[in-house]
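Some structures are shown below for you to check.
Below, chain A partners chain B and then partners chain C, in two separate complexes.
On to the complex of A and B.
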């Protein structure tokens, strides 16, 4: 057990301040990028028109979108350096790698939801759904940065790229943005706010902490690694906290 | 090699000379998007139904 796990006897520090900060920057950045992008993507609809008006018109919208695109690039560099050059970050990345057991776990989880098993399958530090969100947002962000740069520097890009590739880039940027928007604002927000037992919200993104009970329920393998066979009920009574 | 930027830009922006590309791409992307939304919706539905059934079973017990 590490020092951070001993800091509060009732809760486990699951994420560091650095990791929480990355999440906050990503949350704000993608929200602004989605709203400013949607204004252009859906410019013919009432939602697009309202967003465009709120964002100060076409020029201001573009400036805001590009400013936060740069923030996303800096965040990507920050995250890359974190997972490659720090021991903890690298360990997190290794835990996040998809494995064949994730697919089996996901199928078993669906079986649990459908009433075929009495207990949910045991997951490690990250559940298959968390991995899917991480890699979906990560790969999606990289694709958005790449296609976004082509659209931003379109004059230079069109000097070297064929017209059809430029058209494809435009389509991919718009729809990939929409997929990312649905992934984060639909599924991710559903999981942390509305999935069973999580309403009104999980608080780990605020404190980085999780209760033993919750860890035992949702990340059983990680719990067993930290506390062995000792059940959460055998510890002194604790406050309810949430998981990521 | 010197890139004929002006000529390329003119070619690329002349709609009559080059039809807009991306029609099939747009279709494929829309299908991917539809499948993605259907999968997420199914997952949410299964989770909610499972949760509701467990709550009902626990209440009846």
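On to the complex of A and C.
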């Protein structure tokens, strides 16, 4: 498999090793946090019971959850330093900022889905969906860390918070986690693995590379910035990643 | 005054033997037989001074026996070790299993609880030779045994607390002033629990043993016998289902998974001194919540904040206040996310499949 997927000279390096590492840590951390959280959230269902058994019961489940919570906090700090203090990271953050064009682009995409337009709207380095995922995961993680710390240090927190606010925190932490899980897991499962042409997986998250063809299709504005209006087909060696 | 104090006290006979012995059958006319024993035991002044100086009456009220369920039986049917008169000073303790074993030929109610008793904390201590541990007659009565449904029976629900309280004095005192005790003993409400409602009857085990009905992990189930029923709770002005709502808390989940560290019903409400939260003496009265939550090993430093909010919350009920609305908001948000994501994926999928099909057709 690795031999088949040798580096394609037509691929463009889109993400750095640092960015890929952050993505890997986040992926593993959020998965473990979601599964250990779900064991508690869905405690009355068979899913919760199975997860609880796998995770070694209440105490072990909690220990694993808190360990990865610390990893998430460290990753958040790492990411924060990356986007604030490195030039590359800062540029990525600027690209990620939501703009009014994202909303227009998303509406245009729906128009394309419904057959109103023949071509999908051109997107930049990050599509509106990717921005939603990024800010959803980012803000969501911050909220989960904040509410999670209240739950973790409940005895200290309750010395300051009234009980009803603690109960609200519990509810927010549970549902917020569920929504993040649905959003991230559902969308990634589709777009990376099961979307037509991508099975078994779209490999950008492994290599950080993307084909010229895919960049042209999905990030037209970024492509135009890199290669001008020269279409991918005009490159002689182009073989087209989506060929069956 | 005639006493038997000069007679050497016989060694204490072993307690109830596990193996049933053949049951007796009624023989001589009762009146004649009772007259024989009654020569001594029919006299109210017949007493014995014990070695420690206490006086024990040896008078047997014949009327009490006649009114009891054993009215047709003879003294020696139970006191089977009497083979001559006068008999030795100390007779063996009467063994109820002599008749009440399953399959007995005399029609005595079959005691299916004996096995449970032997394994119980009472039975274990009794069989280990502790004379203070109760045998059958200590709770059911000796000569005056009547059915447990008879209000005169010491094991009738309204009399169980006093019966257990003969030994468990401190607990009886706590119980009598609790909501349960007041309801049963003062209001004669037999729906209210006596000792045996929670602890069991013959098979009582110490609370620290996991199999006990009142062990940390079994308490919620035991309380739910009554408090698991919404109709029951409403009848007593309890607006929520306390056991179901407990089951959804962190305490409840950990408890269900076998943790004895987390709070169970009795940790906050106490075992015997259960009172309505509105009662200022209650451990769950808002004024006492900080002390209750701050108990050693639980939440040190608990303050008045612990009482600022509701307990036993059902987030799906409007009574939960802000928690209901926050939960509702998040439920709608969750469903919207799921629906939005699903629709988006389907639209994308439909377009890509159509595009692919179309693209393949034009490429050929």
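Everything that follows uses one rule, which is that the second predicted complex is superposed on the first by the 226 of 244 C-alpha atoms of A that agree within 3 Å, B and C clash if a C-alpha of one lies under 4 Å from a C-alpha of the other, contacts with A are read in each partner's own complex, and residues count from 1 in each chain.
Definition applied: a residue touches a chain if its C-beta (ideal position, glycine included) is under 8 Å from a C-beta of that chain, and two chains touch if they have at least 3 such contacts.
The structure presented is a predicted model; accordingly, all values stated were derived computationally and were not measured.
On the superposed chain A, the two partners chain B and chain C do not both fit; they clash. By the touch criterion stated above, A:97 is placed in contact with neither chain B nor chain C. Residue contacts after overlaying the shared chain place A:74 against neither chain B nor chain C.
Of the two partner chains, chain C is the only one touched by A:59; chain B is not. In the superposed model, A:168 lies in contact with both chain B and chain C. Once the two complexes are laid over each other on the shared chain, residue contacts for A:187 go to chain B and to chain C alike.
Of the two partner chains placed by the overlay, neither chain B nor chain C lies in contact with A:27.
Applying the stated contact rule after C-alpha superposition, one finds that A:43 touches chain C and leaves chain B untouched. The contact surfaces that chain B and chain C form on chain A in the two complexes overlap at residues 110, 112-114, 155, 158-160, 163-164, 166-168, 170-172, 175, 178-179, 182-183, 186-187, 190, 195-196. Interface of chain C with chain A (complex): residues 247-248, 250, 253-254, 256-259, 299-303, 305-311, 313, 315, 321-323, 326-327, 330-331, 333-334, 337-338, 341-342, 344-345, 347-353, 356, 360.
Across the complex, chain C is touched by residues 40, 43-44, 52, 57-59, 110, 112-114, 129, 154-156, 158-168, 170-172, 175-176, 178-179, 182-183, 186-187, 190, 195-197, 244 of chain A. On the side of chain A, the complex with chain B involves touching residues 110, 112-115, 155, 158-160, 163-164, 166-168, 170-172, 175, 178-179, 182-183, 186-187, 190, 195-196. Taken in their complex, chain B has these residues touching chain A: 3, 5, 8-9, 11-12, 18, 20-22, 25-26, 29-30, 32-33, 36-37, 40, 43-44, 46-51, 53-54.
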